[in-house]
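What follows is a group of structures, each given as C-alpha cells.
One chain, subunit A, links the two complexes that follow: it is found with subunit B in the first and with subunit C in the second.
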Partner chain A sequence: MILAALVMNTQGKPRITKFYVPLGVEKQQEAIRTIYSALSQRPEDSCSFVETEDIFGPDTKLVYKHFATLYFIFVIDSSESELGMLDLIQVFVETLDRCFKNVCELDIVYNFNKVHTILDEIVMGGQVVETNSAEVLKAVQDIWKLERVGDLNVPSVRGIGSYRSKS
Partner chain B sequence: MASSIMESLFQRSLDDLVKGLRLQMIGESRYLAKVLDEVKKEINSTDAATKVVALQKLTYLHMLQGSDMEWASFHVVQVMTMPKFAYKKIGYLAASQSFHEETDVLVLTTNLLRKDMGSKNEYETGMAIECLSRIANRDLASALTQEIFTMMTSGRTFVRKKATLALLRVFSKYPDAIRVAFKRLVEKMDDPDPQVVSAAVSVLCELTLRDPRSYLPLAPEFYRLLESSTSNWLSIKLVKIFGALTPLEPRLGRKIAGLLCEQMNKTMAKSLLFECIRTVTLGLTDHAGAVKLAVDKLKEIMAQTDPNLKYLGLQALAALMPVHPWAVADNKDTIVQCLNDGDPSIQRQSLVLIMGMISESNVTETVQVLLQYVRSTDPIFCNQLILSILSICSRACYEMISDFPWYVSVLAEIAHIPFCEHGEEVGRQLMDIALRVESVRREVVKVARDLLVDPALLACVPLQGVLCAAAWVAGEYVALAPLGAFELLEALLQPGTRLLPMAIHAVYLQAVLKVFVFIATACYQDSSLGQQNNEHGSSQFLGEGSLEAAMVLIISNVTPLVNSVNMEVQERACNLLGLLQALEKPTNSEDGERWRDEGFGALEALNEVFGIELGPVSVHAQGRVVVPEGLDVEDNLDALGPIGDYDEILLEAGEKRPTSVYREWDAGFVFTQQSNDDPSLADASAALLAQHRHRHENYYLPTDAVSRNYPPPHFSSANTPTTPEAAAPSTSLDSSMLGESSQLWTKPRQTKARRPVVVKLDDEDDMPELSAHAKKKGLKDEFLASAIRDALATDESKQRVDANGLESAHRGHSSRRHRHGQHSTKHPENGSKHDGSGPSQPDKTLVGQRIREEVHEGKKQTSDVSRKEQGRNKYRPSKHEIMVLEDGLSSNSENEREGTFELKENARWKKKQQKQRHSHRQNQHHARSSVPTQADSVPPIPDFLL
Partner chain C sequence: MALSGMRGLSVFISDVRNCQNKEQERVRVDKELANIRTRFKNQRGLTPYEKKKYVWKMLYIYMLGYDVDFGHMETVALISAPKYAEKQVGYIVTSCLLNENHDFLRLVINTVRNDIIGRNETFQCLALTMVGNVGGREFSESLAPDVQKLLVSNTCRPLVRKKAALCLLRLYRKNPDVVNVEGWSQQMVQLLDERDLGVLTAVMSLLVALVASNPDGYWSCLPKCVHILERLTRNQDILQEYTYYGIPSPWLQVKTMRVLQYFPVVEDPNVRRGLFDVLQRILVGTDVVKNVNKNNASHAVLFEAIALVMHLDADKEMMSQCVALLGKFVAVREPNIRYLGLENMTRMLLVADVNESIKKHQAHIISSLKDPDISIRRRSLDLLYGMCDISNAKDIVEELLQYLTTADFGIREELALKAAILAEKFAPNLAWYVEVILQLIEKAGDFVSDDIWYRVVQFVTNNDDLQAFAAAKARDYLDKPAVHETMVKVAGYLLGEYSHLLARRPGCSPKEVFHIIHDKFPTVTTPTKALLLSAYVKILMHSQPPDQELQAQVDEVFKRCESFIDAEVQQRAVEYIILSHKGPSMVDIMAEMPKFPERQSALIKRAEDAEGEPTEMSATKLRQRQNSMALVVADPGSANGGLPPPSEQLALPEPPPPAPEPAAPAAPAAPQSAYANGTNKAPAPASTNGDLLGDLLAPLALEAPPISTPSPLTQSADPGEPLALALYDQQNQIKPIGSIEDWFRALSLKDSGVLYEDPYIQIGIKSEWREAQAKMVLFLGNKHTVPLVNIRVLILPAPHLKMQFSRVPDTIPPRAQVQVPVEVTCLSASRETAVLDFSYTISTLPVNVKLRLPTLMNKIFQAAPVSASDFVAHWRAIAGPPTKLQEVVRGVRPMPVSDMGDLFNSLHIGVAPGLDPNVNNIVAATTFFSQAGATLCLVRVETDPSDRTQMRLTVASQDPNVTYEVKEFIKEQVIDIPFARTPAPTPSPAVMGLTGPAAVLAGLI
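After this line comes the complex of A and B, so read on.
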C-alpha cells in the first residue's frame, strides 16, 4: 500500500503531507526531515527510487519526482509497483495542472484543502482509487462547486453528486 | 455576541496565515505561537465560520509544522457535524489528518459517519468512507461494517469503489467483518465497472501479500481476470498476487507461465513488464522458458539509459541471483559499469550483485576491481564498498581466501584509504588472521610495522582501531618483525603516541613491554652465549639497537606517563619502569650482578609467558567457564566500584583482545584452584583480592604457576589436503580478468589449492556483528488469516460453479462446525438430499457410500439433539465426507445469508447479527483451535491446475 503521500519544496518545506499509516506527529516531522535530507543529496539524473528501511521499516521505498521547485513523493511498500507509482505521480501532477492552470508552488501553498481533495480522489486509505485524470478532475470540480454553494439543496447544485438511481 | 462578531471580522484567514508565514524569515516560531494562541481562542467561538477557519488553520499548522492537535479533537467532531458541506469537509479533513486509534472522541463519530454514508449526495458519502478508511479502529469498523457492506452494492460506481477499498481497513481492524463481507468482495471482481474490479483486486492483493496461503483457492478467479484484463493497473495487481501465490503451489506456476510470457511479450508498459519479471523471479524460477524470456527482457531494459529501469533491472537480477547465477553473469559488464553510476541507489544495487557473484575463484580479481572504485567514489559509498569487502572476505572463517598474504595486503590498503571508517573491523581481522593463520603471521607483522612506523597515521581518528591491533600484533609476534625489534620499539614509543586515546596508548605500552622483554632476553642469552663465542652477535634479532639503548629509550619516553591521568596507562608505565630498574647498571659489581641476574630471571619468566601461543577464543568460551563454588557474583562490590569504570572504558576502546579474554579465562581456573586448595580464602578480604585479580588479570603480572595450569585451546585444523593438480592454476591479479572470462563468475567452487591452515574452533559461528540477519516479514495477524480461511470456506459453492469445481481439502472442521452451530438440526437432511446434484461428483459408488454415512450421521443428530455436540466431537469424518456434506449445506446457508443482507430492516438485521456474532464467537474459538492443523495440511489445490 501507499504509506504516505508528500509534497515538499526543494528547501525541505513540506507543502502537503498525508500519512496513511499511523505515525505520531513528531515521527511524521522526523520522517519528513529524513526524506528531505535523502532526496536533497541525490544527483539530478539519478533514479526515482530511494530505499527507506530506516524510516518506514523493511521493504519500503520512496518513489519521487522532481518538478520545478517541488518534490512529489509517495512512500510505498512491496505491494505497489514502483513504475506504477511514477505514473500515479504523473496523474496527480496532471490533475493539479488542469485544476490550477499551470500549477506552481504557490497554488499548492494557498490551496491546501483543494490539493487534499484532489489527492483523496486519487488515493484512498493507502490504495489507489482512481487513475484517470479526467475522472478525478470531474469529481474534484463537483466537490468544489458544492463547497462554494454550501447547501446541498440549492437548485443550482441539485444534480451534482446526488444519486440518479435509488441505491 | 459582540466579541464573536469582532472575532470573525478580524480573524486571520488561512490565506493571511500563509502569507504571514511566508513573510516571517526569522522569528517564525514566535509567529506560530501567536497564531496558535489565536486559534485556541477562535476555535471556541460560537460562530460557525470563525470556528471552521480556526480549525482549518490548525489543520494546516498540524500538517506543516507538526503542531499538536490532540486538544482540538472535540472541536473537530463539532465541525464534522455541521450541515454545510464546505464546513463539514474541513472537519473531515481535520479528522482524517489528526485522529488515530486511541483518539477518545472516535466513539462520537460512529453515528455521524453512518448518517453521512447514508447521504443522498455521493460526495458526502465518499468523504465519510474516505475518513473511515483513515481513522477506523475496531469499534468503528465493527459498527460500520453493515454500511460498507450495503454500499458495496450501491448504484453509483463512485460509492461502490470507495466502499470496496475501505474494506481493507475494516478487515484489518475488525477481522470478523471478513465473514460478512468477504464473499461480496470476491463478487466485486465481476463488477461491470472496471474501477470497482480494480479496487477489489487491490484490496485482495493487499490481503494476499499478508497471508498468501489463505487465498490459493481464489487463483482461478485471478487467472480469469488476468486473461481478460485490459488495464495495466489491474494486471499489475493480479501479477503481484500470483507472485505471492506461486511459491506456495508449483503447479500454479506452470499454469500461469504461459500467460505471463504472453503478457511480457505484448505489453508496452514497463511497469507491467517489471511486475511479470518479479513474479517470475519469485515463483517461476524452475520454469526455464519464462526465466529465459525474463532475462532477455531484462537485458534489453538494462541497455537503456533510464536510471529507473536500470535500478529495477538490477533489483530483478538480484532476486534471480540465488537460483540462476548465469543470469547475473550474462549482465556482468552492465553491472560493473553501474558501480560507476552517479546514483547511490544504483551503485548499492550493483554492489549487492557483485558481492553475490564473488566466489573463491574470482575473489582476488573482484576485490581488486572494487578497491579501484573505492578510491574514486564518494565517502559514503566508499565505506559501503569497504564494509562489503571486509564482510564477504571474512565470512565463515575466511573460507573464500586461499591467498592470505594477498588478503593481508588488501587489509593494509584499506587501512590507508583516507575515508575509511572501518578501522576497528580491519584491526579485528588483522588480529584474527594473525591468531588463526600461522603461516601468514610474518606478513601481518610487516603490515603492523608499516602502520606503526608512519607518524602521520597517529592523528587519524578512524584508524585508531587498526593501530591498536597493529600494536598488539607487533608486541605478540615481535620475533617475526622484519626489521628487528628495536625499530618496533622506536615506533611504539614515538612522541606522537601521546595523541592516541588513553586506552589505545595502554595497549602500546603493553606492546612495549613485550618487545622489551624480547630484546632483553635475546641480549641476555647472547651475553651468556657470547662468553663462549663472541663472533655470533645478536644483530639478526635486534637490529642495530642494544639493550642499553632500548632501556634509555623506554625510560625517557615512559617516565612522563607515570603521571598520566589514565589509571591504565599509569599502571602499565609503572610496571614497565619497575622492571627496568632491576636491569640498570649495577653500582657495585658483586651485588649488582646477582641483582641483574634476578632481573633477567624475571624477564625469562615473562618471556616464557609471552611466548605461549595464543589461540582464537570461541564466542561461547566465557559461558563454558564453570562458576567457582562460593563465588557470589551478586555480591556487593562497592569497594571495587571505581575500578569498574575503567573496565568499561577499556571495553569501549576495543580492548577486547583475545589475550585479555583468554587470560581472564585461565585466571578463572587459577581462582578455582586457589579456593579449593586453601580454605582460608573464604576470608572476605582474600576473596575480594582474588576477585579483583580475577577481574583485572591483565594488570597483574602473570606468574609461572599460571602458565602451567590453563587448559589447552581447542584446535581443529580445517585444512584440506592439497593435491598438486589442484594447486596448478595460478591466480593473476590483473583486474582485466574480470572483463575477459565470464566463466570466472559461474565457476563452481574449486578444491582449495594451497590454502594455509586456518585455526577454527569447533562451534564457531560468523562474527555476530557482521552477519546481518534479514528479518522476514512475519504474518501480521494470524487471527485475520484464520478468519479469511473460514470466509473462503464459506464461499466455496460459488467458486465451485465458477471454477468448474475446486477440490478443496482446505475446508476444515471449523467451517463445518460453524454451520452446524448455526443451522442446527435440519441441515444433515438437506445435505444428503443435495449432494447427489453437486456440480462435481467423481464417483457414484463412493457417493452412495457417503450418503449412507451422512444419513447415518444425520439420523444420529436428529434423533438425539441433546447429544449432538458430544456426538460431533466424537465423530470425525474424513475430508471427503465433509466435502459432500458441505456441498448441500453451503448452498443452503448461502441463500439464507444472502437474504439476511438484502433486507434493510434494522431490527431483523440486528437480531440476525447478534445470532451470527454468537456463532462467530464459537466459530472463532474453533477456528483458533484448528489453525495449526490447517496450516500444517496441504494447501488447497484448485482443480483447474490439474
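After this line comes the complex of A and C, so read on.
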C-alpha cells in the first residue's frame, strides 16, 4: 500500500501532501520534516529508497525521485514493489508535464488543486488506479472541462502571469 | 502557465510565497483563516464560487502545516451541491482534511450513495474516490453492495469500474464481512477475464487483499492469474498505451506475481509448469539497458519474479539461477538495483539453503558496506549479519569493526550490536571473542551495553587459559589516551581479578596496574567507582610479598572514600580498609571469583526476541540457534568440570551421581539448563541482567560466601519429569480438548497420533525413525469455519537433535490441513525432547501452546537380539562406572515382572527371556543410534518380589553418556511420578545362591 504521496521542494517546503493513512497535522508535518532532512543529506548518486521505520513504522520506505527543484516521494509498505513505485512517479511526472507543458515547481504551487485531481486519478486509497498516462490525462481533462462549464459565470483570470517570473 | 482558475486563490498563494519568513507566513495565514471563518459564519451572500475558493484555500493552508479546525461542515456540505465544480472540491478536500472517524462524514452517506447509484459517471467517480480514500465502517455497511454492482456491471465505463474495485477494497478492509466469499470468488474469476488493463490492475489489488485473508476461498482465481501473467510476458494483445518503455504493464505483472505469493505453494504440476516457464522467461530475458526508466520497469518485474521463485520452493537449479542474478546485482553500480539485490539476497537467506552460494559474493557485499549511501550500507549490514556463520564470522566481524570507526552515527548502534552478537554466536575461539568485544568497546563504547561486557567477564572467568590474555589486553587498552567508561569497568574488573598473572611482565607490577586504573577514577561514575574499589583490594591482596607502598596508596584511596556520598562506595571503602589489614586471611575472602554457570546470553536472547515475523524467520532462526551452540561446545573449560568425556553433553548440567533431587513436579527448569537445552525457557532478560550483576558483585560485597561450588547451581529439575514440562500456557482462554500429557504419553509409544487439540485446531504427528534419523510430519488441521491466522511454528530443538523444517504458511484456511515435514537427526543420547512452540490467532484471540514433541530415546532404540554368551561377553567387557552404572530405584510403579518385560519391549528395549534364570530379573538389550554410530546397550533389572516398589537397575554400554541417559530414561518410565526419588543406597543383595549364567551375572554385578 502507498501510505503517502508527497511533493516537496529542495528547501523542504511541501507542495503536495496526500496521506492515505490517518495522521494528525502535527504528525504529518513531523513526517515531512524528517523526510526532508533524510533526503537533503543524500548524495546525488544514491539509490532512490530510504527506510523510514521511525516515521511510518516497520517495513516502510520512501521511494523518491528528484526532478530539478522538487522531490516526488511515495511512502510505501512492503506490499509494493519499489521499482514499480519509481515507475509510477515517472508516470505522475509525465502526466503533469503533459498537463502543464514543461511542468515546473510554480505550476504545481499555483495549481495544487489540479495536481490533486491528477493524483486522485493515479492513486486512490493507497492503491494504484491507473498507470497509463494517456488515460489519466483524458480523465483529468474531462473533469476540468466540467469545472469550467460551472465557472462560466465568474470573472476570468487575468493579470497574474507575472507571478511566474518570481521564483 | 495554467493557473488554478481562481484569482483569489492565486493571490493568496503568491502572498504566502512572498513572505520573508515563517512569522510573516503565519500572520498572513491567520488573517486568511479569520477571513474565511467570518465569511463562513455569515453564509448569506456567499456564492458557490466563493465557497469553492475558500475550501481550496483551506486545503492549501492545511498542506502548509496549519491546523484547520473549522469549515469542515462547509467542505462536507459542498458534496451535496448540485454543480459539478463544487461537488468535486467538496469530495477532494473532504478526503484530504477529514479522516474516517469524523462525524461529518456520516451526514453525507446518503448523498454519497445517491451519487454512486446515480447515472452520472463523473459523480460516481468522485464519490468512489472519496470513499476509497476515507470511507469507514459505516460506509462499508451501506455502500458495499452498490459498489460491487458497479464493479461487475458491463455497462459502466472502465474508469468507473476500476475506481469501484479500489473502493470495494477499502470497504472490505474496514469490514471483511461485506464480501461474501462463496458468491464473490466466482465474480472475481470472471473479473480476471477483463480486457481493460486499468480495470485489471485495480482488480488485482483487490484480489491481493482478498487472497491474503482467505487463500483457499479464492483458489479458483489462481489459474487465471497464471494465464494473465503468461499473456503479459508474451505481450499478447496488450494495448500500446499500457506498455511502459516497451514492457507490458509492469505494475500488473508485479501485482499478479504478488497475488501468487499469497496463495499456498502451487502443487498442480500443469499450473506449476506453466508458471515456471513464465518465470524462466523473465529470469533469462531481462537485460540491463541504457534507459533508466526501462531498466526500472524490467527489473521491477524481475525482482518480483525472484520473490515468486522463492515462494514456490523452486528446484535447486532455479534457485541458484536466482542467486546468480542477485550476485550480479550486488556488484552493479546502479544503486537501486544494488540495493534491491542486497535486500532480496537477505530475504533469500531466510527461505532457502543458499548460504554457500551467497558466500561467493561476500567481497561485493562487504564493499557495499562502504558505499556513501546509507540505505545501501544498511542493506549490506543486514545481509552480512544474516549470512554470517562460523566459517566467515572472523572476516565479517573484523570488517564490521573496521567500518565502525568511520560509520556515521545513524548506523553505529546497530552495527555495534550486530558485531557483538555475531562475535558471540560464531566465535572460532574465545580469545578472539574477547578481543573483538574490547575493540568494540574502544570504538563504540556508548553502544556496548552492560550485557556484553558481563559476557566477556563470564567467559574469562570460566576459562583459565584466557585470563592472562584478557588481563594483558585490558592493560593495553587502559594505556590509550581516551578510554570509554565501559572499558574502565571491564578492564578494572579483569585486572582486579587477573593482573597478578601478569606480574612479571614489564609495566604490569601491582603498583603500576593500580596507578593506571586509578588515573581513571576521578572521571568515572559512581557504580564504576565501586567496582574499581573492589579491583584495588584484589590487586592489593595479590601483591605478594605485601607491598607497603601500594598498601599505603590504596589505603589512602579507601580513606578518602570512607565518607563518599554514595552508600555503596562508602560501605565498600570501609569494609576494604579493614579487610586489607587482615593479612593472609584476606586471601580467603578476596579469592578469585568462582566460575559462572552456563547461561544464555542475554544479548542473543534479545536479538532472537527482536527478530521479526517468526514464521518467515523460523528457518534462519533455527539455523542460528543451532550454530549458537557452537560457542558453548567450543568452550573447553566450562563450569561443568566433572562431566563425562567431551561430547555435546558438555553443556548439559547433569552430573551422573544425582544429588537428592526434589520431585517438585511443576518446578521450571533452572535458567542455565534452559540455555543448554535450547528450549528457551529462560526467564525474562531483565531479571537475567539483574542476576548477572548480582553474580558479578555479590561475593565482593561480602554477603555471599566467598567461594561457592558451581555444581549445586547447575542442578536442575529433571526435565524428563512429565509434569515439569507440561508447558501449556495457563493464560490462554482456549483450552485443549483432552490432556496434553495423555496425548504425549500415547505418542511416546506410538508413531502417529494426536499431539494437541482444541476447539479450533488439531495437531497430529506422524514420525518414521530410521536409526538416528526421522522423518516427522506435523499435521495442522483447522477444524473451524474461519481461517486461523498468524500461524507460527517454532521448534526449539534439544541440543542433541538437529531439526529442520520448511516454511509454514501464515494462515490455515477453514477446514484445511497444512503439513509440516520435519527432518530430525539425533546427534547424541539425551532424554530431552524438542518442544514445539505453536501459536495462532482465532478472531483476534491469540493462542500459544508449547508442546513436547515425542522425540524420545526409545524411538531411536532398536531391540537387539543377543545370545546368552554374547550378552555375558559384552557385560564382562564393560567394567564399571562411568560406562556401567547401577542404581537402586525406589518408588517404582508396582507391576508384575512380565508387565515390566512388556513395557521394555514396547520401548524397543528387547527382553531376552530366560537369559537370567531368576524369574524376578529381566535382562534386555537395545541398540542406540546417533550420528556417531550405533551403541549396544545392555540392561539388567532385578526386582524384589516382596517389595515391588523398588528394583535394582544396571545399564552398560561403551559410551558413558549413553549409559547414563538410558539408565535415567528407564527410571523415568518405571517410576511412579508423585514420589520423590531418593539417592541410591547400598545395593540390596537380592540375588543369592544362584547357579548358572545368573550366578555369573550376579558375580559380575
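We adopt the following convention: the second predicted complex is superposed on the first by the 150 of 167 C-alpha atoms of A that agree within 3 Å, B and C clash if a C-alpha of one lies under 4 Å from a C-alpha of the other, contacts with A are read in each partner's own complex, and residues count from 1 in each chain.
In the analysis below, a residue touches a chain if its C-beta (ideal position, glycine included) is under 8 Å from a C-beta of that chain, and two chains touch if they have at least 3 such contacts.
Worth saying up front: this structure is predicted, and the values here are computed from it rather than measured.
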First (subunit B), second (subunit C), both or neither touched by A:Ala134: second
Partner chain in contact with A:Ser78 - subunit B first, subunit C second, else both or neither: first
Contacts of A:Cys99 with subunit B and subunit C, given as first, second, both or neither: second
Partner chain in contact with A:Lys114 - subunit B first, subunit C second, else both or neither: second
Touching partner for A:Gln90 - first (subunit B), second (subunit C), both, neither: second
Touched partner set for A:Ile16, first subunit B, second subunit C, both or neither: both
Touching both subunit B and subunit C, residues of subunit A: 14-18, 20, 22, 25-26, 28-29, 42-43, 45-51, 58, 79, 81-84, 86-87, 109-110, 112-113, 116-117, 120, 124-125, 127-131, 139, 142-143, 146-151, 160-161, 163-164, 166
Residue ranges of subunit A in contact with subunit C within the complex: 14-18, 20, 22, 25-26, 28-29, 32, 42-43, 45-51, 58, 79, 81-84, 86-88, 90-91, 99-100, 106-107, 109-114, 116-117, 120, 124-125, 127-132, 134-135, 139, 142-143, 146-151, 153-155, 157-158, 160-161, 163-164, 166
Touching residues (chain side subunit C, partner subunit A) in the complex: 1-7, 9-11, 13-14, 17-18, 49, 56, 59-60, 62-67, 83-86, 88-89, 92, 96, 99-101, 122, 125, 129, 132-133, 159, 162-163, 166-167, 169-170, 197-198, 201-202, 205, 208, 241-242, 244, 249-252, 254, 258, 293, 296-297, 299-300, 303-304, 335-336, 338-340, 372-376, 378, 612
Footprint of subunit A on subunit B - complex, ascending: 14-15, 18, 22, 56, 60, 62-69, 83-87, 89-90, 93, 97, 100-101, 120-124, 126, 129-130, 133-134, 150-151, 154-156, 158-159, 161-162, 165-166, 168-169, 195, 198-199, 202-203, 205-206, 209, 232-233, 236, 240, 269-271, 274-275, 307-308, 310-312, 341-346, 348, 775, 777
Of subunit A, residues touching subunit B in the complex: 1, 13-18, 20, 22, 25-26, 28-29, 42-43, 45-51, 58-59, 78-79, 81-84, 86-87, 109-110, 112-113, 116-117, 120, 124-131, 139, 142-143, 146-152, 160-167
